[in-house]
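Order as written gives the chain letters A, B, C and D; numbering starts at 1 within each chain.
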Amino acid sequence: MVDGSNELTQLKISEVRDSFGRQGLMTSIGASCKELSHGRCAIELPFSELVGQQQGFFHGGIIGALADVAGGYAAMTLLPAGRDVLTLEYKINFLKPAAGDRLIAEGLVLRMGKSVCVTRADVFAEKDGHRTLCAAMQQSMMAAVAAS
Amino acid sequence: MVDGSNELTQLKISEVRDSFGRQGLMTSIGASCKELSHGRCAIELPFSELVGQQQGFFHGGIIGALADVAGGYAAMTLLPAGRDVLTLEYKINFLKPAAGDRLIAEGLVLRMGKSVCVTRADVFAEKDGHRTLCAAMQQSMMAAVAAS
Amino acid sequence: MVDGSNELTQLKISEVRDSFGRQGLMTSIGASCKELSHGRCAIELPFSELVGQQQGFFHGGIIGALADVAGGYAAMTLLPAGRDVLTLEYKINFLKPAAGDRLIAEGLVLRMGKSVCVTRADVFAEKDGHRTLCAAMQQSMMAAVAAS
Amino acid sequence: MVDGSNELTQLKISEVRDSFGRQGLMTSIGASCKELSHGRCAIELPFSELVGQQQGFFHGGIIGALADVAGGYAAMTLLPAGRDVLTLEYKINFLKPAAGDRLIAEGLVLRMGKSVCVTRADVFAEKDGHRTLCAAMQQSMMAAVAAS
């Protein structure tokens, strides 16, 4: 993943980080926004009981939430300042049990249209520094006016 | 939704409730399994900051997680004792902002095959006793051996 | 499925039928629009070699196309005259092999928003008068200006 | 896309081509299998009225069918001889109107599991030698015994 965060304006970076900070779920579970560049965003989450399921893996709902957020902020980087995004829909395939110390969701914009933006996200589980692709998502976002 | 929980064996009901209780995410956010019958399951979640997004609605990731769980346990009611389910994939469309006091996800089995089960779930936001359909999900589950 | 076609204006019915008639694929394979009412549309297709796959069932791509069209025209019935629809995305689960004399796709609008419309469609294979649910679809449509 | 067709056994290549030839829909519309390698498959389709929609673009249903087939044969290249594939489900986002002389669907396996295989496919419209990404698909396939 290209780190092109220096190409984004400081205003856009602030907007995304502010928006992320207002997401009760994301901050509660300890997720953070690791990378941000034009059309790309990576979100990271350490493992905790709060985000587990009955077999000790990351919960599928959390994997979906992380992928959704990574795709959403990837889309937001390509919008003019003052615009927020709403998820219209997403589809996620679970490829392997998400076992590991942390989860990384990488979102990527496939197409930025006039009103709808289509993204993909890959979610990796990392264990002892080794990454395994554990989920693949495809998503539609709609541009909206940012919450003030 | 038909409450046919008396038709299910006590063993199956115990299995589903035990499995639900082991889901760190579901218990952490305060979700509970409200109804359980052949091929159907309803999950309920009261609003809290923990499950909110940046505009004060229920977070899309949580809506997805609830729908996923409702579909999964609906499938589990149709399996022999000692079998668990794994989500292969799901797709969710967000229809309206999920504003309200609580969220209700109703899962329904469309087709129970030999190894794959297809479900739908509708997610409602309830405010002052009035329900609004806010998301629609379609999902594939795979039967697996239950975690002991 | 309710046949409420008399509730639709003749203009809207004409628009949908004209649009259907301009679809080279639909007319080439022998599909027809059987029912049309507010938020609902049913499309029918007799079996022929043209629409088969390697095992003699209806081809999955054709099942998808029929579901897509049924959802699309269901959406179009709720739009003002002169508006066409574009498919943003759809997701289809195949439940059983589609074996039979004809295929029937029933589309239903779940939510008509300002710019995006979400639908579901069920696809049945009919053999000797008996219907089997063989596929389930969920779809997003966007309103557009009709082609003249 | 890597052309690694020489790495596949002649038996596997024959199996895929035989299976493709038995698909009434694919041969009727003039589609052909252009590339085949481990975990990858490209399908090509020239434009004709038969595959058009009401505005003169490639029909969405055909785009879906081509993507479905490309993903399916990509999966089949990784299976032992004598095994066929069945589509469990797919999800497709339409990114741009598919205007052009021909359509190319490129399928790629993301994960080959014991019974389920997950793929992605990108569909391009080609006009005067220039390719435009017009659709993105994500799909689950199941291994089955080949039709004799």
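Please note the rule applied: contacts are C-beta pairs under 8 Å (C-beta built on N, C-alpha and C of every residue); 3 or more make two chains touch, one makes a residue touch a chain.
Keep in mind that this is a model prediction, so the values were computed, not measured.
Novice: Name, by label, each chain that touches both members of the pair chain A and chain D.
Specialist: Touching chain A and chain D alike, sorted by label: B, C.
Novice: Determine, using the mean of C-alpha atoms as each chain's centre, which chain is farthest from chain B.
Specialist: Farthest by centroid: D.
Novice: Would you mind telling me which chain pair, B-D or A-B, is linked by more contacting C-beta pairs?
Specialist: A-B
Novice: Once you find the CA centre of chain B and the CA centre of chain D, what distance in Å lies between them?
Specialist: Here chain B and chain D have centroids separated by 34 Å.
Novice: As a quick test, compute the distance in whole Å between the mean CA positions of chain B and chain C.
Specialist: Comparing mean C-alpha positions, chain C is 29 Å from chain B.
Novice: Measure off the straight-line distance from the CA centroid of chain A to the CA centroid of chain B, and report it in whole Å.
Specialist: 23
Novice: Residues of chain A touching 2+ other chains?
Specialist: Expected reply: 88-89, 91, 93, 118, 140.
Novice: Which of the residues in chain A end up touching chain C in this complex?
Specialist: 88-89, 91, 115-116, 118, 140, 142
Novice: Tell me, which parts of chain D touch chain C in their complex?
Specialist: 19-20, 22-25, 28, 49-55, 59-62, 64-66, 68-69, 84, 86-94, 147
Novice: Residue numbers of chain A touching chain D in their complex, please.
Specialist: Per the stated touch rule, the residues are 91, 93, 95-96, 110-111, 113, 118, 120, 133, 136, 138, 140.
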